[in-house]
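Sending over a structure as structure tokens; questions will come in a sec.
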Amino acid sequence: MSHNFPKSDQVDIMLLLEGTFPYVSGGVSSWVNQIIRGFPDYRFGAIFLGSHRDDYSGMKYELPANLVHLEAVYLHDPHEKPEIEAHDGNSSAFEVIGRLHDWFMAPDPDRLENAFKDINFYLDPASGVDYRQFLHSRRSWNHITRMYQERCSDPSFVDYFWTARNMHAPIWILAGIAGRLIPARVYHTVSTGYAGFLGALLHYHTGRPLILSEHGIYTKERRIDIFNSDWIQDNRNALQKDPTEISYFRDLWIRFFETLGRFCYGSSGTIVSLFEGARLRQIADGAPAEHTGVIPNGIDVDRYAPLRQTRPEIIPQVLTLLGRVVPIKDIKNFIRAIRIIANHLPQVEGWIIGPDDEDPKYADECRALAESLAVADRIKFLGFRDPLEIFPQTGVLVLSSISEGLPLVLLEAFAAGIPAVATDVGACRQLILGHGSEDEALGAAGGVVGINNPQALAEEALRLLIDPVLWKQAQQAAVSRVERFYTQQKMFDSYHDLYRKGML
Amino acid sequence: MAGIGFELRKLLKRDSFLAVLHTYAYAGIISSGPWVLSIVAVLIIGVISIPVVIPHFLVAQFQTSITYLIALSLVFTGFVQLAFTRYSADRIFDKEHFRLLPNLNGLLLLTSVTGGTLAFPLTLILFPATSLVFRMLFATTFVVLCCVWIAAILLSGLKAYKAILINFAVGYGTALLLAIVLRIWKLEGLMLAFLLGQFILLQGMLLVLYRNYPTRSFVEFDFLSRKRVYVSLVFTGFFYNLGIWADKFVFWFHPYTGTNVIGPLNASEIYDLPVFLAYLSILPGMAVFLVRMETDFVEYYDRFYEAVREGGSLTYIYEMKDEMIRMAREGIYDIIKIQAIAAIAVFLVGAKLLDMAGIPQVYLPLLYIDVAAAGFQVVFLGVLNIYFYLDRRGRALFLTSLFATLNLVLSVVSISLGPYFYGYGFALSLCIVIMCGMFLLDRDLQKLEYETFMLQ
Amino acid sequence: MTWLKLIGYSLLGEFSAVLALLGPQSASLRLSLFLSAHILACVVLAMLMTAAFPKSYVVKRRTIFGFFFGIGFFIPILGIIGLLMGLFYFRFFLKEGNRTEFSTVSLPPFMTEGSETGPGMGEGGAWSRLKASDVPRQLRLKALLAVSASSGQNASRLLQLATGDSDDEIRLLAFNLYDRREKVISNSISQTLQALREADNPLKRRDLCRVLAFSYWEVVYNDLARDELAVFFVRQSLEYARQAVELGGGSDPALLVLMGRLYLKQGDVERAGEAIRTALEHGVHRDRVIPYLAELAYRRRDFEELKQYFQSDPLLRHKPGIGPVVQFWMG
């Protein structure tokens, strides 16, 4: 695979992408694609950080011409391990590590030891703790056992040991990458986590600025993942387990990612979020407020505008949900809402546009639910379709997700002249009802409801479907809002500014 | 076949002094039975043949031939002893029991072919004074003995000590009986009796194996594949067996001490008898070794590794390791203690024993030192065994090669120092190796968790 | 028969080879005679044995032949005899198949680590923590997890409340926990529907309909569906309950009680009363249905009858749920 990668020896902007472009399709990846293509005069480089090579089946995007350098590193694949040999390890460096773990208990961004900012701490065996020392040295062992005895509330030592190892091993891999990556004038990462850590190291090592554009809050998403996951052990037996105590290992992973997040925030010159709520969240998580700013995503309105003309006169009795069939999109409540609407509008249909192979179990559950609610004939899982084809047939767009950032699908629907009903997550409220007096004056582009409330969702959608006047008003608001605040050009202009300043 | 540890523990549970005695006796018999049986059988055959076989030196020739056959076949199969034990243990762990028999057959084939290719031509050439039949019998017995050791290795790897003992008893018993009948054919008759006894012994063991272990194919050479063979174990086995026989070879072939008996084979009147008698005294030590290692040490060894793998807390891991160390220490000390007692017993009655056996008293000091040395050998076995459990093959190789070298060199030195120093080479080499081994073991066990977790 | 003859002849050849060793000729001549006869006999016997070997164990014929020949050659006579014995055993006595290996299991170790149990929390504690928005997030998360450990309506309501929380994480966790409860019943319903489609005899269909009736009810009972959705579920439950009755479940007291409760929820007092009465006829314990009879009386505005029902069971005032109602009416 790697012989298809373009290679260069210098780029203007180096993108640090964890689990997104080009191997994973989704909102963030599409955004990255959009950005690269939006600046054809800049030379972009990208380094893709994945988990295991086998987890990705192939590139989901065609590589733009101005992406002149691409690398892929798989953090959890077995990397070349240093030869096994017993040795003591560097005592002063381990003292620094000891102090770091004490710092975790009360993190203060100004008091983080400078040692961690220097990649030689991770690479130089003489002055720091290199990979070999981490894996095999006696001091490393002593440190791990001390941490276990002081902090771990889960009895299993072997699980603690391997969790600690697996969590930290990518750090050294990333330090190695930071040491050898080709030079760039600006580093741009789209998440914190491991990519953010890499960005921070690169910033301290080269002195070039780091831009962070957070699309979803990494730690929050990892928290959700971790809550849902079975792979984190809980070894307390029935007598010891207090069900209110979250498993120690879950906690450990969450705190680890929080720390990585702080490290990245502390080293970023500009921290971009998509909407005000996200920005406040970043500040709460440790981002210095003076570096934060909001640049909402923008879309190519002209692509969807013609659809306003090709629409039928009457409102189609179709509610569409554009999104992957995964739990975070809460397809189930959409189905329940359809059930309620069907009681009033017998012709209504619910279309689900999006791939259903990411979580087959969940897709099956949704289908089962549709059946048990006796709406299986009106719920259509259409798989992946071109929105341009779907929009004209849609009456109202529905977004029932339990967690979102700034969903582009809403903007696209607005541009195509379709109002929307969404749950109050992420930026949905501000997209539908407006943010700030000027924006709010444009009107409501649909309805906003709480999550897990199919009754409210149904009522809002019904209101729009049966009242053509209301629908027209909502359409008006939608179109004006997207044309005023969320065009692609606006976004490109903001980023152009950022890049220009960074490359000085 | 339940593990021997299991059985021993069952016996020990009855918790009376008699039960403990019973356990150790049982362990002693099954661990040392085979050795003792072969030594005793050969001696007895000699004794009963003397009236019938004329001239008497033919009996000596018989006994020397058998001794050499046993020695050479043990050293020759030494290359595969440990490696094959490890191979079979690995397959059992992988739950691939069906591989055991085919690979045993493969190994038997390999050994027979290589052993035969060496033995037959060499025997034919090096024994010109003997009859053709004798030479054929000699070479055939060599090949059969090699097969016997290999089958015995697999059986002891499967902890089927009882099966080994019974088969040895039957085999040597048959040899004895046949000797009574065949001794009229003199040397060749005695050789034939021994060979037939070994053959029956081999068939018996193979029958036990075939009956109890499933198989899918008949002959396999999987044990030779690169990822399944441990080269260090190959050489460890060789050096261990070589070490045990090294001093005897030195005494046999040194002009001061050895005399020619038949063909190229020498014996040493002075050295041989005391040494073999001394080996009979290690019965209690072997019993203790078996009981302590297979029950107590293994119990905590299992718990330690289980705690590591299955999520025990660190405190618990440390505790189990401490217990394991304690059991190892106690086991070794117990072996030392019991062998000391055995040695003292021999010191007390040694003179009388030699008298009864018709051996001149001048051998007494040699007997004493040999008893001590044989005791050391059991301790050495204990130390090595622990290293095998910890899978520190490098250490085992180091210790056995050191032992072989020291035994060889020091035995030569002891000869040049004079008769009072005979036997000290053997004893001293073992002493040094034990010291080394225990020192290293101490250090290694201290760092066990560090090495288990970090140095994977 | 030719087999045995061939074997016999080869054995004879082997013996004669050995006898050749005993002859009076010179050593080298004897040796060469022996060798030639021995090789021949070995080859023949090896081939015979390879052919006679049970097919199931053969992976490569050449290896087996090599084995027989090698052993036979290097162990004169005895090798052949041993091999023949082995072959005999293999062909006639060996049973193939896997042995189960037994192993002893040790007692699990007593764990001394991490034995401190955290503060327990009941539903009441959880409610108060969740409603107070200035309590730190960690504690509120713990409250949610405490609630999820219990089951029932209150827990579902609490989780539903928490899904409207201002804190993102609380919302998500609450949603997750709520969804887990709901999923179990949903899956059961869809599986039963599937089975119902495939059911061939009326008895099976009756049972499945009964299960479906109870499953749909359970969603409503656990407050996992509200408003119009609950209406739908009640309707579905009734539908399947009716079908079950038609298929012969008319004498099932639990089913009849269920129908009573469903009608009550729909507000159909008459049908509810009828169902409960039929249930009583079919042996349901009176104590079980007193609350429903009381409610029916209440709806009919027959307060005397209501009080009579409550009087008939003196312990009712202490039961959870209905207890306060009884105390209100009876003083």
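As written, the chain order gives the labels A, B and C, with residue 1 at the start of each chain.
The criterion applied here is as follows: a residue touches a chain if its C-beta (ideal position, glycine included) is under 8 Å from a C-beta of that chain, and two chains touch if they have at least 3 such contacts.
Please read all numbers here as calculations on a predicted model, not as lab measurements.
A summary of chain positions shows that the Cα centroid lying nearest the centre of all protein Cα atoms is that of chain C.
Among the pairs A-B and B-C, the greater number of C-beta contacts is found at B-C. Chain C has its Cα centroid 37 Å from the Cα centroid of chain A. Remark: chain A and chain B have CA centroids separated by 66 Å (rounded to whole angstrom). Computed centre separation for the pair chain B/chain C is 52 angstrom, with centres defined by C-alpha atoms. In chain B, the residues that reach two or more other chains under the touch definition are 307, 312-314.
In chain A, the residues that touch at least two other chains are 155.
The set of chain C residues touching two or more other chains comprises 111, 113-114. Across the complex, chain B meets chain C through its residues 2, 6, 92, 95, 97-98, 105-106, 108-109, 112-113, 115-117, 120, 124, 132-133, 136, 140, 143-144, 147, 195-196, 199, 202-203, 206-207, 210, 212-221, 302-303, 306-307, 312-316. Chain C makes touch with chain B in their complex at residues 21-22, 27, 30-31, 34, 53, 57-59, 63-64, 66-67, 70-71, 73-76, 78-79, 81-82, 85-86, 89-90, 94, 96-99, 101-102, 104, 106, 109, 111-114. Taken in their complex, chain A has these residues touching chain B: 84-86, 135-138, 140-141, 145, 148-149, 155-159, 161, 233, 235. The touching residues of chain A, when paired with chain C in their complex, are 152-155, 220, 223-224, 227-228, 236-237, 239-240, 242-246, 281, 327, 330, 332, 336, 339-340, 343, 365, 367-369, 371-374, 402-403, 425, 450-455, 458. Of all residues in chain B, only 307-314, 317, 447, 449-451, 453-456 touch chain A in the complex they form.
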